[in-house]
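In the two complexes that follow, subunit A is the common piece, with subunit B as its partner first and subunit C second.
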Partner chain A sequence: MTTLSQQVSNRPIPNPKKSLITRLNMGTGLIVGIAFALATYYSMQTTLDDATLNFQRNNQVLLATMFMWSIGFLVGIGAFIGPFRWLIGKDLTAEEQLYLAGDGQGIKRYFKYCTDHKVVGIQYLWGVIAMLAVGGSMAMMIRTQLAQPGAKFITPSIYNSLVGLHGITMIVAMIIVATGPFGNFIMPIMIGAADMAFPRLNALSWWVLFTAIPVLCSAWFLGGIPTGWTAYAPLSVQAGPGMNAFIATIIIFAVSTAVAGANITATVISMRAKGMTWNRVPIFVIGATISVALAVPAFPTFMVAMIQTAMDRTFLTGFFDSNVGGSGWLYAHLFWIMGHPEVYVILLPGVAILMEIVPVFVRKPLFSYTAAVVGFAGIAGLSVLVWAHHMYMSGWLPMLNGPFMVTTEMISIPTGLIFLVILGTLWNGKPWLKVPMLGVYAFLWNMLIGGITGLYLSDVPADNYLHGSMYVTAHFHYTLMGAALTGAVAGLSYWYPKMTGRMLNERAGYISFWFVQIGFQILYLGMFIAGAEGQPRRVSDYAQMYANSNRISTFGAYLIGTGFIVLLWAVIHSWRNGVIAPMNPWGAKTLEWTVPYPVPLVNFDTPPVVTSDPYGYGKAVK
Partner chain B sequence: MSDHNDVHLEPTPGERFSKFLKRGDIRETLAWAAFYTAVFVVLGAYFYPKWMPTVMSTDMKAIERLMVVFTFISAPVCGFVMSIFTQTLRHRHKGDTPPPDGPMIRNNRLGVAVFSGVASLLTLTAVIYGLIELNSSAEAATKDAPNALVVEVTGNQWVWSFNYPSLGVESNMLNLPIDRPVIFRITSADVNHSFWPVQLGVKADANHLATTLAQTTPTKLGTIDVKCAELCGLYHAYMETSGEVMTVSDFNNWVTAQGGHSA
Partner chain C sequence: MSSDTKFHVHHDAPEVVGRRERLGVRILIVADGSFLFAMIFTYFYLRNLNVNDGWIPKGGHTFSAASGWMSILPLVVAAIVHKFGQRNIKQIGNFSIITLLAYLYGAYYQFHQMSNMPFIVKDTHAFEGSYASTWVLIAGANMFHYILAAFIALGLVIRARRASVDPTLEKWRMRTASSWFTWIAIAGVICAVTTSMI
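Right after this comes the complex of A and B.
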C-alpha cells in the first residue's frame, strides 16, 4: 500500500524544457528586478521635467526605482504566473502546482518561488537570522560609540543612521521572528493541515519581504536616515535621499505582513484537523494567530503614513509638514496607532512559544488554558486603545492623558494572566532544564522588569521625567528582546530537531544562553541607571556624569554579541553535523512531533483526528 | 458531647484556609514571596532617589515619590513571580531523561480569581494614585498661574533660547527665581524638539507653529541641565544648555545685567 505522500511524489514532473515555471528562480528574479530598476531610473532621469525642484525630483526617481525593483523581482521569480493565467482564463495545472511545491528539487527549492510551507519557514528563518545579525552588528557599533563620552568612534550623522536602521531592522526582524519560521514551518503541522490555506500567497509574503531587504540596505548608501525608526515629521519630510529607502521598505513590508497575516489567520480558521475544536488548539497557534490578526489592521496605518510622507517629499502635499499647513501630530498618531499594537504583535508569539514549552518540560498540563486565551485576547484588545501614551508630552490634547494612562495600566491585568499561566504550569513541577526551558525562566525575570518599568512609563507624571530618556530604551529592550526574542530563541532550540532533523548542539546552547542573558542584564541595568540619571536616548555623545553607566552597558552588549555568535555557530554546525534527532526528542504531545523528518510534502500520510488538547501530561491528583 | 464525635463535619472555609497555610509548598512559596517583596521594596526605596538627580521643583518631588510608591505597589507581584521561579528551580529535575509526571492540575478557579483580583486591585491603586497626582499638579498649575513668571522657550536646530516677555530679557541660559511658579510656553522654529530641564521634572515637546505649555515651581537653588529629548537631527546630542535656580535678588541682578527690567 502506498502512502499519500508517496503517491504525490510519484506523479510525473513536467518536462523542464517546456515549462517557463521551471526556469524561474531567485537569479532570474534578480536579473529582471535590476533591469526594471535601471530602466526606471534612467528613463525617469531623462524624461522628468527639469523645472521640478531637485529635492522632489530625486525622491520621485528613487522611490519609483525601488518599487519597480520589487515588482521586477517578483515578475522575474514567477510570482505573477498564477494571476496571469487567471487573466487569460486558465489556471496552473496539477503538475505545475506540484512543481511549485518544490517536490523533489532538493536545496534548489529554497531559491525558488516555492509554495511548500516548510520551505517558506526555512526561508524566513534564514531571513530573520540575517536581519538579526545586521541589526545586532549595528547595536555593537552603537554601544562602541557610547562606551566613552566624546563621540570618538563615528560621526553624529553615521550614529543617527545606525540608530534608525538598527531600530527598523530589528523591528521588522522581530515581527517575523516567530510567526515567520515557526508560524510557517511548524504551525500548519501543529493543527494537522497539509499546507497553508493559500500556498502561493505564502511564497508571495516571503519574496515580497525579501525584496525589502536590499531596499533597506540601500538607505545606508543613500546617506542614511536621520530620524530614528519613528520617522517623525517634519524631520522625515526634510530628510535626505536615504529616507526614501526607509519609506519604500515600510510600504513593501506592510504588503508582506498583510498577505502573511491573512494567510495564517485563514489557515487556522479553516484548516484545522478533524476534532481540533477551538479549545484543543495548541496555545502557540492561538498566540501567533492573535498576533498576526492584530497586525492586519495595525500595519496599514503605518503604510498610509509612509505613503503620505512620500507624497510630502515628492509632490509637496503637506500632510505632515507644518510649513504648508500639515501636522506632525497627525503623523505621530498614525505611527503609534500601528506602533503600540505592534509591540504586542512581537511579544505574543514569543510568549506563546514559551507556553508551548513549559508543559513539555515540567510534564504538567498547561495551567488554565482559558486564562491564557483571555490574556492574549485582552492584551490584543486593549493594545489598540493605548497608542497616545507615546504622546503625553507632545502637547496634543493633555486632557486625554488621563484616559490613555488608564487604558495603558489596564494592560497589566491580562499580562498578569499570562504570568499566571506560566507560573501555574511550573507550580509544584520539576522542570527539566534543557536549553528551551531556560528561556522560560529568562522570560519570567525579563518580562517582570520590562512590565514594571512599563508601569512607571505609563504614568503621566513619571513620564514627565522618563519620556525620551535611556530608561525607555532599556524598558522596551527588556520586553522585546528579553521576552519576545528569548521566546523565539527558545522556540528555535525546541523545534530545531523537527526543522533540521538534528539536535541543536546543547553545550553551545547553554553557553550562548548564559552569555546573552547575563550580558543582557548588565547592558540594560546600566541603561536604566543612565536613564534615571537623565541621559536622553538616541544621543551620539553624552556628559561625563553618565560615563560609568554607559561603560557598564557596553560591556554587557559585547557579552550578548559573543553569545549570539556562539548560537549562530551552533545553528550552522548542528545543521550539518548535529546528532540525528529522534522523531519526538522532548516527548511532546502536539501533532508536529508525530511526523518524521524530512516532513512529507503533505505532512501527514493519513489526516490526523484530534480527540483532546495536547497538554494531557501528568498523573491525576485526588 | 460525645455523641457528636463520630460525625464528620465538612471543614469550614476558615479551617480549610488554615490547613492550606500549613502545607509545606505553600509555606515555602509565601516565605520566598515575602523575601523578594522586601528586596524589591528596599531596592526601589533606595536606588531611585540615589540615581535620580537633585530634586529642584515641586513636580520633580512628586515624580520621585511616584517612582518609589509604584515600586512598592509592584513589589508583591515581583515577590510572587520570583518565589515560584526560585522554588521550582530548587526542585529541578537533573539528568538526560525527561522528568517524572507532575500533578495533573489543569485549572484552579479560586487561584485564578484570587490572582486576578489582587493584580487588578494593585493596578487600580496605581491608576488612582497616578490620577490623583495628575490632578493635583493640574490644580496647582491653575492656582499658581496668575502669579507665574512666563518663559517662552524656542527650540531651534540645535540650540535652546529663552525669552522672558515680562522682563524684556532674551537668553540662552534658563535662569529662574526660587519659589516663584514658572510657566513655559514652548515652541520650535523647525522640527520637533522636546524641552527637558532635567532637575525640574518638566518635559514638553517643542512643535513648529504650535505652543505647548508646562508649569512648575523651582524649590531649590542649583544648576539646571536643559536637554533635548526628541531626536531632532544631526546634533541632537549637543542640543543642551544649562541654567540656574537663583535667589530672587540674584535673579533680579541677572535680569538687570541682561538689560531687562526687574519684575
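Right after this comes the complex of A and C.
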C-alpha cells in the first residue's frame, strides 16, 4: 500500500498550463497593485468636485489609493481566482489546488499565493522579523534622542511620528509574532492535521497583511503620524495626510486578523487527529486558539473606530467633533474595547509557547494542565471587561472607575494560575538549560515585574499620579516584550529545527539572550525610575533631573539592539550553515516532532492517532 | 474547494468539508457581530450624550423609522426564501433567483436612500449632527451586507445550473450560505430597531 506522501510525491509536478494561476506571483501583484493605485489617484484627482475642501479631497484620494493598491495587489497575485471560479461554478481542479499548494515549486512558492501552511508560516516569520527590525530601529532612534536632555538628534515632530510608527509597527508585529509563524507552520502538525481548514484563506491572511506594510511605510512620506499609536480623536481627525496611512493599515490588518482568526479556530476545532481530545491538545494550541478567538471579536471595534475617523476626515461626519454632537470619549471606548484584549492576544501565545517548552526541558508533565487552560480562559474572559482602566483620568464618569479597577485587579488571579503552572512544572525538576529554556526564566522575572507594576496602574489613586508617565511605558514593555516577545524568541529557537531542518547556533543564542535580557533590565528599570519621578512619555525632551536614568536606559537599549542583531545573524547563518537537525532534537512528545524535515505536503504519511497526553514524561506507559 | 474528488488536499468527505466551512462562516459572523455591536454602541452613546444638542441639531433632518425597516425588509425576505429553498432542494435554483433579486433590490433601495440623504449641509458638505453620522455608518454596513449577499446568491444561482458540482458539498454550501443570510437578516433587524429610536 502506498502512503499518502508517496501518492503525492509520485504525481508529476502539477502544471495546469491553461490556468491563469501559473502566471501570477508577487511581481504581477505589485504591477497590478501599483496600476490600480495610480489609476485611482489620477482619476480621483481629475473627477472630484472642485467645491470639496482641500483637506477632505486629499484624504479621499489618499485613502482610496491605498485601498485600491491593496485590492489591486490581491487581484494581481491571484487571491480572487478561487472566489471567482466558485462564482461561475468552475471550481479549481485538483491539479490547480496542488499547484496552489506550491507542490514542486521550490523557493518560488514563497513569492506566490501559496496555500501550504508551512509556506505561509515562513512568510509570516520573515514578515515579523522585518517588522521587528524596522520597529526596533525606530526604538533605537527614540532612545538616542532621549540619551541626554536637549538632544538634537531628531526634531520633535519626527520624534512624534517615530513614537507613533514604532508603536503601531510593534503592536502589529507582536500580534502575529507567535500565531503567524508557529500558528501556521507548527500548529496544524501539532494537532495531526494535513493542512489548515481553509488553505486559501490562510494565504489570503498573509498577503492582505503584506499589502498593509507599504501602506504603513508610506506614512513617512506623507508627513508622519503625530498622534502616537492610539490615534486619539479628534487629534487624528485633524492630523495631516500621514494619518490616512495609519487608518488604512488598521482596516486592512483587521481584515487579515479576522480571516486568520477564523481559520486557526476552525482548524483546531474541526481538524484534530483521532484521539486528540480537548485535554490532550498541546497547551500552545490552546493558548494560540484562545488568543485568536479573542482577536476575532476584538479587532472589529477598532476597525469601526478607524472607519469613523476616516469618515470624519473624508465626508465631514461628526463622530468625534463635539460641535456636531460627536465625542472623543466614543473613540477612547471603541479603541480600548479592542486595546485591552489585544494585550492578551499578544501575551497568551507567547506564554503558551513557554508552557510548551517547560515540560520538554524539565522532563516532567505540565503541572495542572487544567489550571493552565482555566488561566488562559480567565484572562481572555476578564480582558473584555477592563478597557476603561485606560480612561480613569480622561474625565469620564468617575464613579465607574471603581468597577473597572476591580475587574482589572481580578486579572491577577488567572495570571497567578499561569505562574503556578510554570513554577509547579519546574519544581524539583532538573532543567536542561538549552536556549529555549532560558526564556522561561526570563519570562518569570519579567512578567513578575510587569504584572506587579500593572497592579499600581490599575489602582485609581496610584494611576492618578503615574498615568501618562514613562512608568506606563516601562510597565507595558515588561509584559509585551519581556514576556510575549521572550516567549516568541524561545519558540523560534525551539521550533527552528523543524522549520529549517537545522539547529540554531547555540552560542549565538546564548549571547543574544544575555545581551537582550540584561539590556532589557537596564533599559526599563531605568525607565521605571524616570517615570516614578514624573517624566512624561511621548515627549522628545526632558528636565535635567531625569538625565541619569535616561542615559542608563539608552545604554540598555543599545545592549538589546546588539543582542537582536546577534540573533538575526544566528537565524540567517544557521539557516544556511547550521548543524543538520535530527527529527526530534529535544525528545519532545508532541506530533510535530514525528514528521521529518522537509515536512511533506500533507504532513503525515498516515493520519496519526493520539493515545496519550503530550506531556507524559516520567509516567509508566499504560 | 474542488469538485474533483480524485485528489483532494484534505482527503475529507464532502460532509466534513461542508461542516468545516459552515463553522468558518459562523466564526466570521462573530467578527461581524462585533462590528455591529460597535455601531450600535456608537448610536446609543452619541444619542444619549447628545453633546451640545448635536444629536439632531435644531432644524435638523431625520429619516423615518419606517424607511429603516424598508431598507432591511429584503434581507429578511431573502433569508426566508433561502430557507424554503433548502427544504425543496430540487428547486433551489429558482429559489436562489428570488433570493438574488431580493438582495439586488435591497442594495438598490439602500443606495437610493444614501444618495438622497437629507442631512448634508449644502454650503459645507458636512453632516448635520451625530444622528446623521451614525445613520450613514449603519446604512453603509447594510449596503456591504447586501453586496456580499448578492455575490453569494449569484454564485448559488449559477452553480445550481451546472451539473459538475458535487451535490453533497453543494447542499452543505446552501446551509453555510443560510447561516450568513440568517445572520445578516438578524443584523438588519437590530439596525432597524436601533434607527427607529431616533
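The rule is simple: the second predicted complex is superposed on the first by the 609 of 622 C-alpha atoms of A that agree within 3 Å, B and C clash if a C-alpha of one lies under 4 Å from a C-alpha of the other, contacts with A are read in each partner's own complex, and residues count from 1 in each chain.
We take it that a residue touches a chain if its C-beta (ideal position, glycine included) is under 8 Å from a C-beta of that chain, and two chains touch if they have at least 3 such contacts.
Predicted, not measured: the structure shown is a model, and the values here were computed from it.
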| item | value |
| --- | --- |
| Which superposed partner A:V304 touches (first subunit B, second subunit C, both, neither) | second |
| Subunit A residues touched - subunit C or subunit B, whichever exceeds | B |
| Touching partner for A:F198 - first (subunit B), second (subunit C), both, neither | second |
| Partner chain in contact with A:G180 - subunit B first, subunit C second, else both or neither | neither |
| Partner chain in contact with A:I452 - subunit B first, subunit C second, else both or neither | first |
| Partner chain(s) touched by A:S540 [first = subunit B, second = subunit C, both, neither] | first |
| A:G519 touches, of subunit B and subunit C: first, second, both or neither? | neither |
| First, second, both or neither for A:P431, with subunit B first and subunit C second | first |
| Partner chain in contact with A:G228 - subunit B first, subunit C second, else both or neither | first |
| Residues on subunit A lying within both footprints (that of subunit B and that of subunit C) | 322-323, 329 |
| Residues on subunit A engaged by subunit B in the complex (per definition of touch) | 151, 156-157, 160, 163, 226-228, 230, 232, 234-235, 238, 322-323, 328-329, 361-371, 393-395, 401-402, 405-406, 409-410, 412-413, 416-417, 419-420, 423-424, 426-433, 441, 444-445, 448, 452, 455-456, 459-465, 467-469, 529, 532-534, 536-543, 586-587, 615-621 |
| Touch list for subunit B against partner subunit A, complex | 25, 48, 51-53, 59-60, 62-63, 66-67, 70-71, 73-74, 77-78, 80-82, 84-85, 88-89, 91-93, 98-108, 111-112, 115-116, 119-120, 122-123, 126-127, 130-131, 133-134, 137, 186, 190-192, 194, 196, 198, 201-205, 207-213, 225, 227-238 |
| Footprint of subunit A on subunit C - complex, ascending | 1-4, 6-11, 16, 19-21, 23-24, 27-28, 30-35, 37-39, 41-42, 45-46, 49-55, 57, 124-134, 136-137, 151, 154-155, 158-159, 161-162, 164-165 |
| Residues of subunit A that touch subunit C when the two form their complex | 4, 11, 51-53, 56, 86-98, 101, 115, 194-195, 197-199, 201, 258-259, 261-263, 265-266, 269-271, 296-301, 303-305, 307-308, 311-312, 315-319, 322-327, 329-330, 333-334, 337, 602 |
